[in-house]
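As written, the chain order gives the labels A, B, C, D and E, with residue 1 at the start of each chain.
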């Protein structure tokens, strides 16, 4: 579905992402974890075309997209959310979603014409159905600036879904939620993946919950991929424990492994 | 109102206005016509400016460059390619210039973009001056064969109608939405599938084409054109000003402001000129401060709002000046201390 | 007396914006003074009937478009009896065809371009001497005083270019060689690099086709770098009172410029000069276009007195008659004033004297400019 | 890499600040989020818990003067001024929601500005201290704050608030976006700040960890306090456990619902 | 070309450049730091020039004495304008972009107001006076005394500003204030004080520039626009908000123009300086001395 081959991103002397290989298969739910500044967001930026990688290649559904602009990624079905919500503050919540819908699934090269046909899941047809899906229908008419950051993160998911993606990249969508709410968010994400047949890549620091729900975890550390495997494998990975987890999963680790 | 109703309304308003403007030469004096003409010129310039710059928040100061280029095309080509030909060519050359300019500068935002467009306008002006001097040995051009005044008026009117119709339509298309998205958050819009570079360049070229066409049409009224006059940055500034005063994100705002501006200017200009310009300045400031959404956002409610605000302000001042406020605060403090 | 309807005379002129500086020195004060003087004697003589003058005026904001619009209003809607011209070549270019179409005689005092003459508009008359006679007189004078070398700078617009071209023509066969010619853009803030390189060439004469701010800048910077040729000529602005104020009378001594008259030229000129200075609290008219402006008003008065307010008749009168004015004889060939010869002026003891040609000179030429002070 | 050093923070004004809030109402425009709220922040570390949209952020903003308020707030018996800059001068610092960094200024400049009220020398000293406490920030001192990663920005925000050496430090979800290890370290740090004499008021979603380090806690829901008490007690109370700790989560998402089900008052 | 003429050329370029820098400093405070694109900058400069001219020709006050006086006058005017217009504008603008656009409009309004006020009071005629125009020899070349004074003061003011802004946090505080008003309040900045102060200072500097320029150039109510434009170019070249950048940018522009005028034609001067400007902006949008900004 989406593949990164030896992707590196450098800012001046700093290598934020260092030759990372990753492949996300159709229908997978993959978690990405790593310490602060490990390069997770930057990796997402590269995967979604927001930042051009310094080296390496990115392929979406078999097509080489390296160096293309972000809208090509969107057109190939890669959608993402932003860690610091970037909603259209002055538009209403509904219009934020309607925006993505109007550009969804059309290829920029045929900007004025109809794009490729696709059978769109019923729940992604209208802004209302998407709002219902993410559970924000009661806020539809508010300007996006007036809702709390956590609600904006939900809205970000809605906007991403509006582009009718194949791959959904989620960057800390559950930040600032209580544990129970994180759990709910995780269920929502799984539901989305199952119902819409998506590939989901999910960055989150709420490891306990994350590891319970994902099928595979990639661990980044100082830009490098230090582990890639099932949650059970990863929590036992000594380098991961050293760099990231600390004693976080000391008790839960066995639970996840089980 | 549903979007369809709104569209109908907008089109009706447009037809109404166009019909009225069309009738002006038949009952108005030549002076009214010429006033309407310069009003229409700013309608075209500022509503197309708002179409692109208002939506995307790219503050372009290049309007006068396009205007001037159009004027020069008309001055050079009027005799060979005719009236319609020079208008079309003026639009085309301006649009082409905008594409080149856009590819160079549209990756920069905000201040830098504004400064660059301004700088490029000046550069073009000086380049034209130099070129004229080197090639033709003089700087200005005299337009001798000119069409009838009526023709100029009708042409600019047609351009105005076209400009407004374009605005009405663009606002309803994905193109317009894309422009608005770019204005709100360019990268976000991109990740939602908007081919931003195309949209921006196209929008910029569209604006430029209109400005070029207007420049081509207006040149003939001035008989003699030289770079200083037709590339006058104030044409660009005034355009921006009118659009912003009217409300750069609104459809009818620029039109409204252009009309208000022309009328006001004409009526006040005849009395004390300096005072008139000062009044204009003061009005501009008041307008920005108390009507930030532009003239188009003026409602009865806002008038009432000002009234209430003024009253509350006055009550607060009275409360403050009478010493009641200080007393009350003191009393409150003492009560709290007692608790 | 009071029953006579007023003669309505309209004009638009720059009171605000960049043109205002020139317009408020050379042009509008004259209109106001004229109307006041005429009304003081009972009004304008219209074929023997005195009718008061009513000026219908407004600001053109230094914009061509506004100017055109206002004249359309004056001539087409207000149907004023007469119009007076706006300030500057650009505005006159735009308005002249219009005046022609509506049949208003137009006596422009501050428009200067061959192209205006070449447009052959029957109702349009230019009072100022054209570049050719002006530069002709200059070269004549320089030649007569043994000048061998000359350097010129000129502003990059129609005014500068036409004068420069005329100068080149005038220099042909005069035996004077042009050692340096540089053009510069208007509004320049530093001319010293140019002046220094001219200084190095050490020409006998310096000629600048410059506008007032640049004239003053060039003078100040010439003083600054110690560039003091025998003949220092700068066109527009030297004839202004401002020049004397800024450079000081001692500093201005010997500077040449475009000037065509002063209070000594004729008794009428003296009367005009005094009336002007009195009305505007010591503000003097400039010694170049102000005179032409006043002369235009004189011609207009005479025409109206003779033929009334029939504008066609006025035009014919203006075109066919040789007028005598404060600046001397004025006669038109087409649009051009061919009677007034090209002149050169010079600052001498705090007065701007006409020094060339000798026939109209108010003082002899001082052929050795003293050092800048 | 170590994220912090073991040396204690040196903070000014170890007056053991005591904040009292009585009858506080605040909101946005006509919409009141908090109504007639009373609480007390004693020296030590106090944590405020509550679901999304409960009004926690609103509470901190109201105390800090970022939004208008009604009611009495006293700090050590003295009225807290109404304007933010005066409040800051009075020794209250807030790490706000959304961080409110200066994105186009470097990390160093951000920190320097945190010491706006200090003299030059004092500022230099504290800057050195902040870099000492957050070595990562020293390493990135000249990076623009806006380009730091989410977690790094959070560190900058906390460090900036510390620069002013407040008497009362308020933290709005300081652990937002921090890796688990960082969260632990940050909370430990908050604890040590409190121990060093600065009163700390903290809003946290990491309920378990927060309660583990806090002295006292409040639970806020829909603009009203529904529970309060020593942290240890709160952590054990079934209300909080069910609502926030996902113990027997079920469909219960608020403490009041849980309390309803439990039908048992929380020890205060 | 001899060494001597090189020296003359460079020196005259540097002097003009210093004048450019002087003109730009005030605007750099307002636009570079505060994002108020004060297009009326040149108009305030004109006010300073007129005040000096009026005082000198009317009452014989020395223009030197008018330097501090016009600073104080204009700074006070700045505080007043800020109180009347920009205070409300800062309070009501939702974000920086909007603030900038609205500020621009207010500045246009001010431009109309001030320019026509001057033309109402003093008339539209060109004005000027003679002060310190006698040439001074410097290393074999001659320069007008007043220009040297202007250049020296420009340098002194620029250096003073650089040092002052460096040593205090004020400059950073203003920038911070514009980037995040809430953040600025959170660190204890008295936004309602700092903002007017900087604005007033900017106008005061415009006043000083006007005062000094009136010694060298003629003045007129419409003289402001070219100065505003020059100032904008200089601060863009130098990097917004960098006082050192403005100084360097001004000097660079002056030298480029002087060399350009000498080696090509003076007519190409504007073409040249705009080309430099555009080139710099395209290759280094943050200005020669600004710092790169990536998001």
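Before moving on, here are some points about what is shown:
Please note the rule applied: a residue touches a chain if its C-beta (ideal position, glycine included) is under 8 Å from a C-beta of that chain, and two chains touch if they have at least 3 such contacts.
A quick map from chain label to UniProt name: A, D = ABC transporter ATP-binding protein; B, E = Branched-chain amino acid ABC transporter permease.
Because the structure is a prediction, the values reported are computed rather than measured.
With steps allowed only between chains in touch, the distance from chain C over to chain D comes to 2.
When the C-beta pairs in contact are tallied for A-B and for B-C, the bigger tally goes to B-C.
Using mean Cα coordinates as chain centres, the one most removed from chain B is D. In whole angstrom, the spacing between the mean C-alpha positions of chain B and chain D is 48.
Each chain gets one centre point, the mean of its Cα atoms, and the points for chain D and chain E are 44 Å apart. Taking each chain's centre as the average of its CA atoms, chain C and chain E sit 35 Å apart. Averaged C-alpha coordinates give centres for chain B and chain E that are 28 Å from one another.
Of all residues in chain B, those touching 2 or more other chains are 126, 129, 133, 187, 273-274, 277, listed in ascending order. Shared interface positions of chain D, i.e. residues touching 2 or more other chains, are given as 147. Each of residues 11, 90 in chain A touches at least two other chains.
Across the interface of their complex, chain B is touched by residues 35, 37, 39, 85, 88-89, 92-93, 97-98, 100-102, 104-106, 108-117, 119-120, 229, 232-233, 236, 240, 267-268, 270-271, 274-275, 277-278, 281-282, 285, 295 of chain E.
The part of chain A that touches chain B in the complex is made up of residues 48-50, 69-71, 73-75, 79-80, 82, 86-91, 99-100, 102-104, 106, 108, 111, 159, 162-163. Residues 167, 169, 172-173, 175-176, 179-180, 182-191, 291, 293-295 of chain E are the ones that touch chain D when the two sit in their complex. Here chain B touches chain E in the complex through residues 57, 59, 104-105, 108, 110-112, 114-116, 118-120, 122-123, 126-127, 129-130, 133, 187, 233, 237, 240-241, 244-245, 248, 273-275, 277-278, 280-285, 287-289, 292, going by the rule given at the top.
Within the complex, the chain B residues that touch chain A are 174, 177-178, 181, 184-185, 187-198.
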